[in-house]
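Chain IDs A, B and C follow the sequence of writing; residue 1 opens each chain.
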Amino acid sequence: MITLLRKIFFSLLVIILLFTSGCWNRREMDTLTVNSALGFDLIETNGETKILLSVLTIKPSQAIGGAGDMAGGGAGQQQSVTGQVISITGDTVEDAVRNWNQCSSRQLFMAHTVLFVIGESVAKEGIGWVIDFGTRNRDIPERALVVVCEGTARDALQAQPEFEPLLSTEVYNILNQNRYFTSKSKATDIIETMYDLLTPGRDVSLAFLKTFVPPEKGSSVRQTPQTIDGKDSEGEQPDHKVPTVAGAVVFRGEKAVGRLNEAETQGMLFIMGEAQGGIISVAFDSTGKNTSFLFRDVNTKVKTVIEKNEITYQVEIKGTGELIGAAPGTIDITNRSDIQKMEHMINKEVVYRCRKAVNKAQELGSDPFGFGDKLHRTHPGVWKEIEDRWEDIFPHIRVSITAEFSVEHSGLIDKSLHIR
Amino acid sequence: MISFFRWLGKFLKHMTAEPTGALLKPGDPGYQEVHTLSSNLDKNIKIITEIFGLCDDLMVRGLKIGRGKKQVRVAVIYLDPLINHTRLQQGLMHCLQTIDHLPSMGVTTEWLINNALSDGRVIEKKSFVEITDEINRGAACLLIEGLDQALLIRLAEKIGRAVEGPVTENVSKGALDAFNEDVRTNIALLRKRLHTTRLAVENLQIGELTKTEVKLVYLKGYVIEGLVDEIKSRVRRIRIDGIVDSGQVEELIQDSAFSLFSLLDSTERPDKLAANLLEGKAGLLFDNTPIAIIIPGTLINQIQSPEDYYQRYWFSSWIRVLRWLALLTALLGPSLWIAIITFHQELLPTELLMTILVTREGVPFPGLVEALIMELSLEVLREAGLRLPQTFGQTISIVGAVVLGQAAVSAGLASPGMVIVVALTAIASFVIPTQPLSNTIRILRFPFMLLAASFGLIGIIVGFSILTYHLCSLRSYGIPFLSPLAPLSFGDLKDTFIRAPIWKMLFRPRLTGYREPQRQNPDQRPHPPSRKGKKFIRRRK
Amino acid sequence: MLDRGRISSVQLFLLLVIAEAATAFLYAPSSVIKMVGRDSWLTPFIAAISGLVVAVVCIALAKRFPQQVFTEYLPQILGKIPGKILAGVYTAVFIHLSSVIMNQSSAFIHVAFLRETPLVALEIIIGLASIYGVYLGIEVIARQNELVWPVWVLSIFIIILLVAESINPDNFRPFLEKGIMPVIKGSALFSSFRGEVFLLLMLYPYLNKKEDVYKSAVYHLLTTAVLLGIITAAIIGVFGELIPVYMVFPIYNLARYISLARFVERIQILIVVMWMFGVIVKLAVFYHSAAIAAANTLGLKNYRLTLLPILAGTIIISRLFYGDHLSLTHFLSHIFPYYGPVVELVIPALVLLIAVILKKGGKS
């Protein structure tokens, strides 16, 4: 009996503890604002440099059907999601995050962040603190991608996505698929950026986000902007910008030093072994590029050769692919010599692109390929000697590039068309 | 104040005192000082009618047997409603009246049994206690002038329903007979399945007034050593005025009295009982209760259905995996949902998060309150559906489920996500094949919801740890309740999360069937006829 | 022997693994990678050797008194007063270790998820769950562990499978850049974790087949070495040797980095929940030893009486000494490497020596 009483007392105690304790960390859903992307800028206010944090929040909007709809089962509610950019300033980025609550009744919930947009000003001054913020914060997922944008991040985030409800998901998907579709821009997440920042002999390269006004008017996917303040916006639709990724930005240390264009970016990705699909167009039997080759299964090997105090990198790129387009009367896939010629031209083009990338990088003094790191891994002794001087050595290292692509298929037709 | 403490003291004393008055002792009403019969017929009749007192249904019929001078007076006493009158007429009255010659030595009971009575179920008794007891059970008592012994002819009419299908343990494939309220029928159903002299049926009795017949059944030589003695001693320890259902006995003989779990399995299916006896367990069958108790019980046994063994093993294994998932869903469904929507929103895909955000917008309650409202109304609905007449039951469940859920969403009392979770939980809890386990889970859901609301998933895992600690500590008649999971016996796992093919289940479960480990020939797997079978040599230690 | 439970050699093996690895894999990789860098994944294997030494000493000692736990036979070896004093010291050691474990796990949860929840509340619920297991006895803890084990190991393999595509083999090169010495130095840090096999002193009497104890210990050392080695290797493979230096819980970051087809992401909490299942068992094992030791020292007949005071004690110690994260990491990387070997190896070895010289206890 006594033990029973004791047990009841004890369990009551526990239950009371549970109840009174309740919910320190509870975040009810209706107290949250979910954000999908963060933009970082530096601005000058009153002579002080402050951080401008732009938050792309997800605004759920519920379009409730008419009364007749409710009678018909009440399930006729349609939900759509739109993004809204809100900017806040602060001395530090955490300060800015907290300042959010000065102007919003809802907490910022960052666990669904997929994109970090770094404004030009921050990229030039140094991105270290952005990466610190991204890795220290326990909500932000490390898989979020980091991009550098043209102009300020605040403007870039306000671009209208064409196909996804949110800009962030659109850019995220573009970048993630890029590797298999075009290999013209690089998807780098926070951890990879951190890795590149920390590892000696390796520099950061991030995708470059551009916005532009599309020449096509009234894109059907785009929603008409809502009337604001009762002002009818009909007739004077503001020009929307749409996002696009264009090449890469390379850094030296934490500071951006220059841009690679699409072809150079592709060359860089070839050397890094990250190009997994895309088009190489070559000029077969003509002066203009008219024949397209889709490459796949690219395998890159970088060898370090040290001869007489000179470091040479041998980059071997091997890959396969198929011919997916040819100008009439040019290539005949049934002819072996044509194939060989084709392969030769592809190889030349790939080497050209890589060469351009290396030259540009050496010119900028930034090593996004990780050549120094490679040396460290393979020849730790040599690396130890030249580690301090790497920045001076890198612009002068020799890189020999060979490419070996083979054409395996040619789509559903083999010869190119012979037109009368 | 003082009086309150005095009252409290009294109350505690009352609560802790030894039970009194549970026993009927000599001297109580209905008890006679005279213990055995005398040779005076009239006196015997008088005493019996006095013992029965105000029983108007007691019939005393005087007769004279034999012819001429040697006629002997006899009396037949029985309780009218219990007797099968046709058999009374044919097996007793008719026989008595057609006796021609009485033996010269005088009438003896042996003579009557040997020469006069045609009914088989006759016993001799001397004491009033035994005689009245038999009459109470539906025997006709034959008293003979000049003899101090009575003959008792068991002529009880079988009262109750015929063998029908199971109510709670339905199967789609398998036998369709179930135990009913008559213990003899139940034993017959069991014997029909176990045609062996090894099947022991021992009589026990519970209840001073109800004198309920309890049959202990087990397979001699197969049953766990010491189990039978333990059961007997626990059953004999019961001193109670009466029991009317096996559930009451279950509470009196199970191990951990305060546990939420039912440590004994119960079944209404003779095939399940038979299969369990074959694994070395024992069973208790009760008169007036269609539910038999299987001892010892395990958790695994409670989430298995006899059907698992009748279907193909691929399908059964799949169903078992599903059942485990359903068990977890039924236990943790609402609490996981609460934890996710109030603590771990990052777990949701962004699109789903948005949808929930929109649908929860109008709901004024925190997740826990919302879940409690829905769960409680569901529990009420369930209970209502059970108590309502069957024709209404269907209606109420549809009205409850559809209309209430829809209305709650429209009224902004609950979000659609919560309605789905609660409905899923309810459906999942119906997948659990045994009632006691299902009920336990229904209760346990609530503490988990509280924990989830206070600490999120961490709270759930702490609660789950405590639950598994508790389960690990339970034993049912010496057998760990969680066996064969903990303590792990690897060989027995083939009959837990999955169901191995019958020909693979060579051995009985290690803890219960160790006395005769091997169940079947090792070469039972069907082969093309050309292959020869291996010899019967493998034995497990 | 105050607990009448019996455990099998497999259960002992599983218990030892959980008792060592459940928190070690959370804290040890970070400090080892700080010291050793790229080759840290070798250290658990080297540390296993020191674990073996501890195991041999402890088993030799335990075999002399097969029916008693360490704190029970200490007075018989050392004499009444010194024995009781040393038993008291060990009670304190177990309570202290329990509070460190409790602090490790609750601080982790506190930092990683429930920042607004007071640490004390977390410690209380985790502690309550653990002492409930201790209340039920070693047998129940061992059985619980059999249920926990698959879940716990599964959590580790889920992480490693789902980050496998991010593992860069280049991160392991150059192999042994600075020679083998840093690895050996670093393994000294691991050895204090590996030395937790000294729990054998408190668990041996419950073993039902005493001759299998070596098997349990060796399997334990191997399994733990492999597990910790794989974990450390995965961390280095994904993050390289430079990023983990900045990370407080690298394995947790690894769990955050999980990605399956860009769909299964952000599931770190599920992984952590699976670990907590193991932590509660680990804590229970230490609490059990603490409770038995305390009861022996005080001469109690029922060790369960000590449970609530011990729980309160551990929470107070953990609040007083390890209020901030820094003091905990300082303890783990600077004090524990010295403190551990003393209580795990030196004192048991001395006691064994005295027992051999004085011919106390049965020969093994």
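Operating definition for what follows: a residue touches a chain if its C-beta (ideal position, glycine included) is under 8 Å from a C-beta of that chain, and two chains touch if they have at least 3 such contacts.
Predicted, not measured: the structure shown is a model, and the values here were computed from it.
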Innermost chain, taking as reference the mean of every protein Cα atom displayed: C
Contact-richer chain pair (by C-beta pairs counted) among A-C and A-B: A-B
Separation of subunit B from subunit C, taking each centre as the mean of its C-alpha atoms, in whole Å: 46
Separation of subunit A from subunit C, taking each centre as the mean of its C-alpha atoms, in whole Å: 42
Inter-chain centre distance, subunit A versus subunit B - centres from mean C-alpha coordinates, in Å: 66
Multi-chain contact sites of subunit C, meaning residues that touch two or more partners: 113-114, 117, 121, 128, 266
Residues within subunit B bordering two or more other chains: 343, 346, 456
Two or more partner chains touched - positions in subunit A: 21, 25, 111, 141
In the complex, subunit C residues that touch subunit A: 111-118, 121, 124, 128, 170, 173-174, 177, 238-240, 242-243, 246, 253, 256-257, 259, 262, 265-266
List of subunit B residues in touch with subunit A within their complex: 12, 15-16, 258, 341-343, 345-346, 350-351, 353-358, 360-361, 363, 366-367, 406, 409-410, 450-451, 453-454, 456
Footprint of subunit B on subunit A - complex, ascending: 1, 4, 7, 15, 18-19, 21-23, 25-30, 32, 34, 36, 58, 60, 62, 70, 74, 79, 81, 109, 111-112, 114, 139, 141, 169
Parts of subunit A lying in touch with subunit C, wherever the complex brings them together: 14, 17, 21, 24-25, 111, 135, 138, 141-143, 176, 191, 194-195, 198-199, 373-374, 376-378, 380
Interface residues, subunit B side, partner subunit C - complex: 343-344, 346-347, 349, 455-466, 468-470, 472-473, 480, 482, 485-488
